[in-house]
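Below you'll find the structure I mean.
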Amino acid sequence: MMRVAVAGAAGYIGGELLRLLIAHPEVEVVGAISSRFPGKRVDGVHPNLRASTDLLFCSVDEVAECDVVFLALPHRAAMTQIEHWIQRAKLVVDLTGDFRLNDTKTFARYYGSEHQAPHLLDSFVPGLPELHRERLRGADLISVPGCMATAGVLALHPLVAHDLIDTEAGVQLDARTGSSGSGSTAGPANLHAERSGAMRVFAPTSHRHEAEISQHLGLSAAMTATGVEAVRGVQTIAHSTLRPGVGKLDLRRAFRQQYAEEPFVRVVAHQRGIFRYPDPKILLGSNYCDVGYALDEETGRLTSIGALDNLVKGGAGNAVQCLNIRMGWPETFGLTFPGLHPL
Amino acid sequence: MMRVAVAGAAGYIGGELLRLLIAHPEVEVVGAISSRFPGKRVDGVHPNLRASTDLLFCSVDEVAECDVVFLALPHRAAMTQIEHWIQRAKLVVDLTGDFRLNDTKTFARYYGSEHQAPHLLDSFVPGLPELHRERLRGADLISVPGCMATAGVLALHPLVAHDLIDTEAGVQLDARTGSSGSGSTAGPANLHAERSGAMRVFAPTSHRHEAEISQHLGLSAAMTATGVEAVRGVQTIAHSTLRPGVGKLDLRRAFRQQYAEEPFVRVVAHQRGIFRYPDPKILLGSNYCDVGYALDEETGRLTSIGALDNLVKGGAGNAVQCLNIRMGWPETFGLTFPGLHPL
Amino acid sequence: MMRVAVAGAAGYIGGELLRLLIAHPEVEVVGAISSRFPGKRVDGVHPNLRASTDLLFCSVDEVAECDVVFLALPHRAAMTQIEHWIQRAKLVVDLTGDFRLNDTKTFARYYGSEHQAPHLLDSFVPGLPELHRERLRGADLISVPGCMATAGVLALHPLVAHDLIDTEAGVQLDARTGSSGSGSTAGPANLHAERSGAMRVFAPTSHRHEAEISQHLGLSAAMTATGVEAVRGVQTIAHSTLRPGVGKLDLRRAFRQQYAEEPFVRVVAHQRGIFRYPDPKILLGSNYCDVGYALDEETGRLTSIGALDNLVKGGAGNAVQCLNIRMGWPETFGLTFPGLHPL
Amino acid sequence: MMRVAVAGAAGYIGGELLRLLIAHPEVEVVGAISSRFPGKRVDGVHPNLRASTDLLFCSVDEVAECDVVFLALPHRAAMTQIEHWIQRAKLVVDLTGDFRLNDTKTFARYYGSEHQAPHLLDSFVPGLPELHRERLRGADLISVPGCMATAGVLALHPLVAHDLIDTEAGVQLDARTGSSGSGSTAGPANLHAERSGAMRVFAPTSHRHEAEISQHLGLSAAMTATGVEAVRGVQTIAHSTLRPGVGKLDLRRAFRQQYAEEPFVRVVAHQRGIFRYPDPKILLGSNYCDVGYALDEETGRLTSIGALDNLVKGGAGNAVQCLNIRMGWPETFGLTFPGLHPL
């Protein structure tokens, strides 16, 4: 069994990692690190794990060594602890924003502070199996992308890979997210009475994840982000324009080809039924990212859509998928829950 | 114009008082007191009042004198400030729990501390127009009941007043509430991700409001309380048993007679339609308390139901209704909003 | 008192019209027309109106004549009945899509059928006080715009009127809406279990309301629309690019100037607080359309935002505002409810 | 592999059965029977199963024979088809209400019609592993209880089994449920705009499931039921009175002993944390029934609480658990999903 630790185990991404890792057939959780709750029961904070685990949270010092560590920390905490973990773990999977952008200037613009470990930026492989599977097989440092970025990248990737859209014009994205994306720390803005039923434009322009999308796809992405009524779930809508001569069949072929072999991407673009386009409602708890698209044939404007559970394919599940790839295990190990309908 | 101040104006009940009082034809708000936000704009905290008011919050010392003060404070704060307010205002309307129970021992049991102003307990008139309208006309000190208590009392009042139920056996009540009832202070338990979609039994037995119901109706009430998914809205269900010989017609007559003239109580007990029994969903923002009932004729078990908006008829609106009565104004002044459907 | 009838009075827009008109100081409702429920009580369908009205629904034939009729009918029903109503009412306020587009070809493209009364298209004045107040003063035929169109137009209008954005490039809009927008007729897609918590992209491209926005502003608008978890509420986000040389101060001035005198448009663009940008959450039941904007100074990309209650400013309330203007009454008559917070 | 068919496979319980059975290691689904959608893809109706199955719905005639059939039909349909299925399947697991009550008179009272197969009533074993595990090992006909009944029975069972409560006085229960309990057929009452945010008392007295609780526990149960805002999830609260002399330790011992070995019942009664009592919010998708209790020591009144996912432990999951028991497989086969937090 592989010995795995989770730093930031009391947060929402941390809890989801624990849920997936505890049930994973090849893994043993040797440390659920929390600076807030050392010595407390894990299931006191993550009540869905009652009867699944007797684990206690521990302090960082109690994890002497491990095979893998997942860093589910606040942004900027990973880059200050990274040297510590490189010495203690063979594989580091970072879920913060610290090693997602490979350019220090872009990092400074979007995160508002200088990078603390710029020499490591090139060593991290992006935790995006659909774009970087081969590199992940040999990776020792993995940086899992942001939830809205993953949805956006996967919604656009076939279009870019098959050169179907006008990338010079830039791509406008519109992301919506549930409240769990802002983490488990209480504050006035995420009080239930304030957040419930909201359509809160918290990033009217320049959401951080646009920089990731731009980097992964080699184009200029602009993204707004809105909190809508949901706990889990992210949906990213991308607006682009087809290159002249590109038609519906090209679109269909590109999406099919790109994702035919992907275990966790489904192409959803139906003429009938209630769930015609990607909707996180049916993805909660699952590791799927559904992607779809629709074309305004009159104008050539294309809308492509990605949806996922921000804590799973947008975080913990994607990280476990990367682990599976890195270890040569079946890619779906521990990730087979299909989601619920209705929910 | 009557000069009115609100203490605790930055809270949810405080905000609702401001909404109602700013639009009230006979009232001028001379003080929106907040210890947290003195000098800040009221509409920064209560954004629904943007364009309705330019008021700033003030400190308690800035309100030298006024005709009426509403105390929308945390429990236990009213009884420590009460002497202060008695000297500065002709009429004090308290919305805390401090002067609801007229017995110090009961108060100590339910609130966990000694009463600080026991000599005043008898001077407060309960802010329940449907039971105490005449006394309210001459009151200088008014104590508005708890939201679930009001719904429960109004659901049971006709039964007790007409002697239809077996009160010796006690009455079991089951109350459900939205999240605004726990106030505007953020904490882990009312984080959106934790509170959303919950059915949280926060008082499995002995909810405080049962003591009020017992006192008002002269019986032994037991109440559980559960937080359900809603921001506003309270529903209290009361289980009782009919006295032998009492039938459906007696029930009907009792409810009709009791509330025929009441401007803010509607009897809702229909055989058809979607809204057959009282449901706070259609009451939000309104000052109505809907009441209804259903009888299991085979066993004589009776379920009676009260529903209201906890911030309006369960708090601020009820307080304004009491003010209207006290001043001899039309009882519906400032309270005519009928609620929305659908919402 | 002006004698007013509502056709389609059993629908959600119809119910909202009744709520507003019943409380309106200058109006008497003489007909609540419903083909589904003639002879039934209005408050059986609109339970929020219990105790507010004893009206019964009537058939269309029972309304011999009236001063004003509001057509809250399904799309395509207004244009077939329009001659009937022109003969019976002095003022017709249409809330369907039938007379919103002044070009029959565009109508056919977006509504999928030929127009039945093209000769009347030019006679209708758009029910948009912020753009057409003067024309509304003399109008006999008024066509109230679509809810998402109103939010989008008002979010963009100052930018176009002050020539601040590059309109040649077209404007991309992204609209979100609650479930009441799809009306009160039950079907599999709006079953609670299916619709609850959804992020349903029901118009990935070419939503009808884009044609209205294009027409009102003289540009090429593209709009997607998504159903999110809410019953009421619409938010439309518009993405545009500033003309060279235009800066933050120009934006500020344009929005301020445009809406300084508007009774129902508030500019909401704050650096602090929970409600920094327009959010329908605090607008439900009110006639406000909040508008705001944010600029990515690095790229010149501008996001402007409009939010409203689709049944009020996006429908019934806007219609009543038009009536007030037409009759020379104070524009806010019957429309003073400010909205609730929290809700 | 055991050959399994599901009748009523297009409903919500049917879909949940398919989700569980498709992933079950010992089972092959040979028939997803739907009279509404024969020949259509299963994942067109249950979109969470996209990529999990290529199954098509079939008509009842296409299932010649099978080892097990699950009847997820409307009430009253099972008893008319039962002879058909007894001849075609070795094991029949019925999820309707038809064979839950073993007394035809009680059936007639609660279901409003005569029983069509009274001779079979005694042959059905209740699908309640916690009460009838041994009998289930040899059962050929299993009747899975109602969702609210299961939650209520499990909340009361230790109290009755250990003789701790006064059963003569009867037990008052209060159940709350999400909207999926009313099935997948659209109608005005479960339209999203009507059902959303509701607290709808749909059974103020005498809910059907009270008859099951009375039967299983040998007491007189009275139950109200309210629809609250949720899609999945049931919570049943039971009010009883302790026998003289019974104390907290007895309660604790009874619950511990009763459920210590149960794989799917957890006792949840904590002094701290956010999830102190059973709440379906953390159970969705899982087969757990959480039970808890609280005592008002002053009066001896006891509140016990059961919570579950109505489609899983309240239906499909419980049915699969019964199948596992019947076949001698590990009881948790196919049922290990622990639930999500937050959700």
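Order as written gives the chain letters A, B, C and D; numbering starts at 1 within each chain.
The rule is short, and it goes like this: a contact is a pair of C-beta atoms (placed from the backbone, for glycine too) under 8 Å apart; a residue touches a chain by one contact, two chains touch by 3 or more.
Being a predicted model, the structure only gives us computed values, none of them experimental.
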*Could you see whether A-B or B-D has the larger number of C-beta contact pairs?*
B-D
*So which pair out of B-C, A-D or A-B basically repeats C-D, with more than half the contacts the same?*
A-B
*chain B-chain D separation of Cα centroids, rounded to whole Å*: 37
*Rounded Å distance between chain A and chain B, as computed from the means of their C-alpha atoms*: 45
*Specify, in ascending order, the residues of chain D that touch 2 or more different other chains.*
12, 180, 184, 188, 193-194, 196-197, 231, 274-275, 342-343
*Show which residues of chain C lie in contact with chain A when the two form their complex.*
109, 172, 174, 176, 188-189, 193-194, 196-202, 204-206, 220, 222, 224, 226, 228-230, 233, 235, 237, 239, 274-281, 292-296, 298-299, 301-303, 305, 307, 342-343
*Any idea which chain A residues touch chain B in the complex?*
12, 178-180, 184, 186-188, 190-197, 231
*Considering the complex alone, what residue numbers of chain A touch chain D?*
12, 15, 19, 23, 44-52, 180, 184, 231-232, 266, 268, 272-275, 282-286, 288, 336-343
